[in-house]
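What follows is a single structure, and I will ask about it in a moment.
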Amino acid sequence: MDIGIIIAGLLTLAIYTFLYRDNPIYRAAEHWLIGLTIGYAMVVFWQTTLVDLLILPLFAGGKYILVVPLILGLLMFSRFSGRFSWLSRLPIAFMIGTGAGVAIPAMLYARTLKQLSSSVAPLIAEDGGFNIEVVVVAVGLLTTLAYFYFSREHKGAMGKMAKVGTYFLMIFFGATFGYTVMSRMSTFIGRIDFLLTDFLRLLG
Amino acid sequence: MRTRIPLLICLISGVIMFAQYFSRHPVARSIFNNVNEWWQIIFAFTLFVGVMAFAKTSLKKINRSQDSIYQIISLAGLILMPLLAIIGGTKIGSPFLWIFESMIAPMQATVFSLLAFFVASASYRGFRARSVPAAILLVTALIVLIGRIPLSDVLSESLPKLAFWIRDYPSMAARRAILIGIGLGSMTTALRVILGIERTYLRGE
Amino acid sequence: MSKLSTRWIIYAGLAAVVILAYITSIQLDTRPSPQVQKAYNYFENLPESTIIMISFDHEASSLPEIQPITLAILRHAFRRNLRIIGLSLFAEGTAIGYRFMTRVAEEFGKEYGRDYVFLGFKPQHISAILGMGESIIRVFPEDYLGYPADSLPLMRQVYNYNEIEMVISIADGDRGIQWIEYAGAGYNQSIMCGLTAAMVTSYDPYIASGQLYCTVGGLAGAAEYENLFGKKGAGNRGLLAQSMAHIYVIILILIGNVVYFKSRRRRNSGP
């Protein structure tokens, strides 16, 4: 048997010991995973971004404008110095500003306008039938938005709308729970497949 | 100066990235491409800052003899991966990738699979129809759980259709409302950040 | 019964149900859901040599669910002689994605560089998605293997999203949503998603609004796709175990509620 499969199997069982209770075997495996994952990410980030987009173009390609992100990136490390830690605000401000700038049109169009516009749909279909679903979506949308509107007390008509909104939210959470159970079980089934087929070789 | 310069940088970068959405002019595209590239590069540095912080915390704990052995195990893993990458490269067949496939991937999948047990336990202990909303949540979950398995056809052909209908209409409507709320909130927060009204990112050095 | 022993009984019961169901190699028949049928029809109707992009936006933790979906889509795409540009916006998806692509490409005798390419990973996903709308090679000057991207025959025919017919994001989180919000909204790029089941309801509004073409969700979705494709795999193998696990959870919920209502009645009718 492949040594990799043996190691994978033993580490899998080490993690599953947590189901009994927290124990040194599980904790050791967990910390080993944390260290390896961070190390892996470090290598991947270095190779795919710092080398590809910074070091090679700057030092081998003569793209000197890249000195700016290099300096800003190095300033991130100033947060470990007591006196100069404020310098780390500069690259953080750049990243936050950039992210905020691209987010505005994306949120406005994709999450707000497009979603609102697609809620406005014909009640009568082409074949003359009544689209009850359009009513369901419209009622669900408006009542759930009413629930999240906290600038006004949920009393009277507003209160009733918010209550209906709660019911729609419960439907959403119930559906999400159902699908989440599906997802978690699938992950467990995958590990059982590995243990029975590859590790213990009980199945073909 | 310690606050003004970062706020100015935030304003300029935010306005540039917002404005680029409305211009196809070559100069605008060029500025956008450069800023976008810088964003990618500076972001990569943040991981290394995190790694340094993690190493610093682990070493402190080792000095204080707090869970020393576990901290040493983490640090060993942290050092091992770059070492292997330097020695043996990172492509298929390398020790670096072997560790990923034999240790990282299986362990991560296993940690995630623990949730199956917790979900089962929570289903027994926490999932009670205490009130009307709770009952609605419960019934919906049951319909979806039954409706999405092939055996549901044995009970009724309508069950899978009902499960899909719930997902496509009432559930989707609630999710859409949440999305719109998040969208509006994100936009206002982004505007506040660019205009310097929201400054929480300047704290915590 | 103490809380601890109840917990262990529940855990042991789940493990027993899943293992027994898995060992029983009964294959269940599934009818394709509308979303999966739509995804399948899309690939069936694409002309040969169309260029698509597959983004492996997931972690290793969701591999048991993601793998069947990914393999089914890749097999279908290669069978239809589509050309695929692969990449990842998650560090762990990089090695996994490359493995999947090369494994399936080998099955169909596809040539790297001409029929498919794997570009690798970029950490700042929004920046990468936006950047590819202008120039893919600028974001990925080299591919995953270290070759200059513009030296690859496939990449010489692709400049930005204009040459990409569809982006398929295989995601276990909200990366697919970011594809929709940035590539879809900013560059009118068509997006399709392969998702873990837990994320499926979060993407429904985008399907309803037309911003997302369709989704293939979870192990059940993978099994349905495999049946349409004609090659059963991990999706179908796990279907009985999945069904039994669902029934087990349903029974737990019902028993839990029966116990709750009985004890409530006892408390209400107490001395």
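Note that the chains are named A, B and C in the order they appear, and that numbering of residues resets to 1 at the start of each chain.
Definition applied: contacts are C-beta pairs under 8 Å (C-beta built on N, C-alpha and C of every residue); 3 or more make two chains touch, one makes a residue touch a chain.
These numbers come from a predicted model, not from an experiment.
Chains touching both chain A and chain B: C.
On a Cα centroid basis, the chain most remote from chain B in this structure is C. Averaging Cα coordinates per chain places chain A and chain B 3 Å apart. Separating the CA-averaged centres of chain A and chain C is a span of 14 Å. Contacts with at least two other chains are made by residues 11, 14, 61-64, 92, 122-123, 127, 130, 186, 200-202, 205, 208, 220, 242, 245-246, 249 of chain C.
Chain contacts: chain B has residues 21, 36-37, 39-40, 43-44, 47, 100-101, 104, 108-109, 111-113, 116-117, 119, 123, 138, 141-142, 145, 148, 167-168, 171-172, 175-176, 179 touching two or more partner chains. Shared interface positions of chain A, i.e. residues touching 2 or more other chains, are given as 19, 40-41, 44-45, 49, 53, 98-99, 102, 105, 107, 110-111, 115, 137, 172, 175-176, 179-182, 184-185, 187-188, 190-191. Contact residues of chain B toward chain A in the complex are 2-3, 5-7, 9-21, 34-54, 56, 69-71, 73-82, 85, 90, 96, 98-104, 106-117, 119, 123, 132-134, 136-145, 148, 163, 166-184, 186-187, 189-191, 193-194, 201-202, 205. For chain A in complex with chain B, the residues that touch the partner chain are 3-5, 7-9, 11-12, 15-16, 18-19, 27-47, 49-50, 53-54, 65-66, 68-70, 72-74, 76-77, 79-80, 85-86, 88-105, 107-108, 110-112, 115-116, 119, 133, 136-141, 144-145, 147-148, 165-182, 184-185, 187-188, 190-191, 194.
Within the complex formed with chain A, the chain C residues making contact are 11, 14, 18-19, 22-23, 25, 61-65, 67, 91-92, 94, 120-123, 126-127, 130, 140-142, 180-182, 184-186, 196-202, 205, 208-211, 217-220, 234, 237-238, 241-242, 245-246, 249. Residues 6-7, 10-11, 13-14, 28-31, 33-34, 59-64, 92, 95-96, 98-99, 102, 122-124, 127-128, 130-131, 134-135, 138-139, 145, 186, 200-202, 204-205, 208, 220, 239, 242-243, 245-250, 252-253, 255-257, 260 of chain C are the ones touching chain B in the complex. Residues of chain A that touch chain C in their complex: 19, 40-41, 44-45, 48-49, 52-53, 56-57, 98-99, 102, 105-107, 109-111, 114-115, 117-118, 137, 172, 175-176, 179-193, 196, 202-203.
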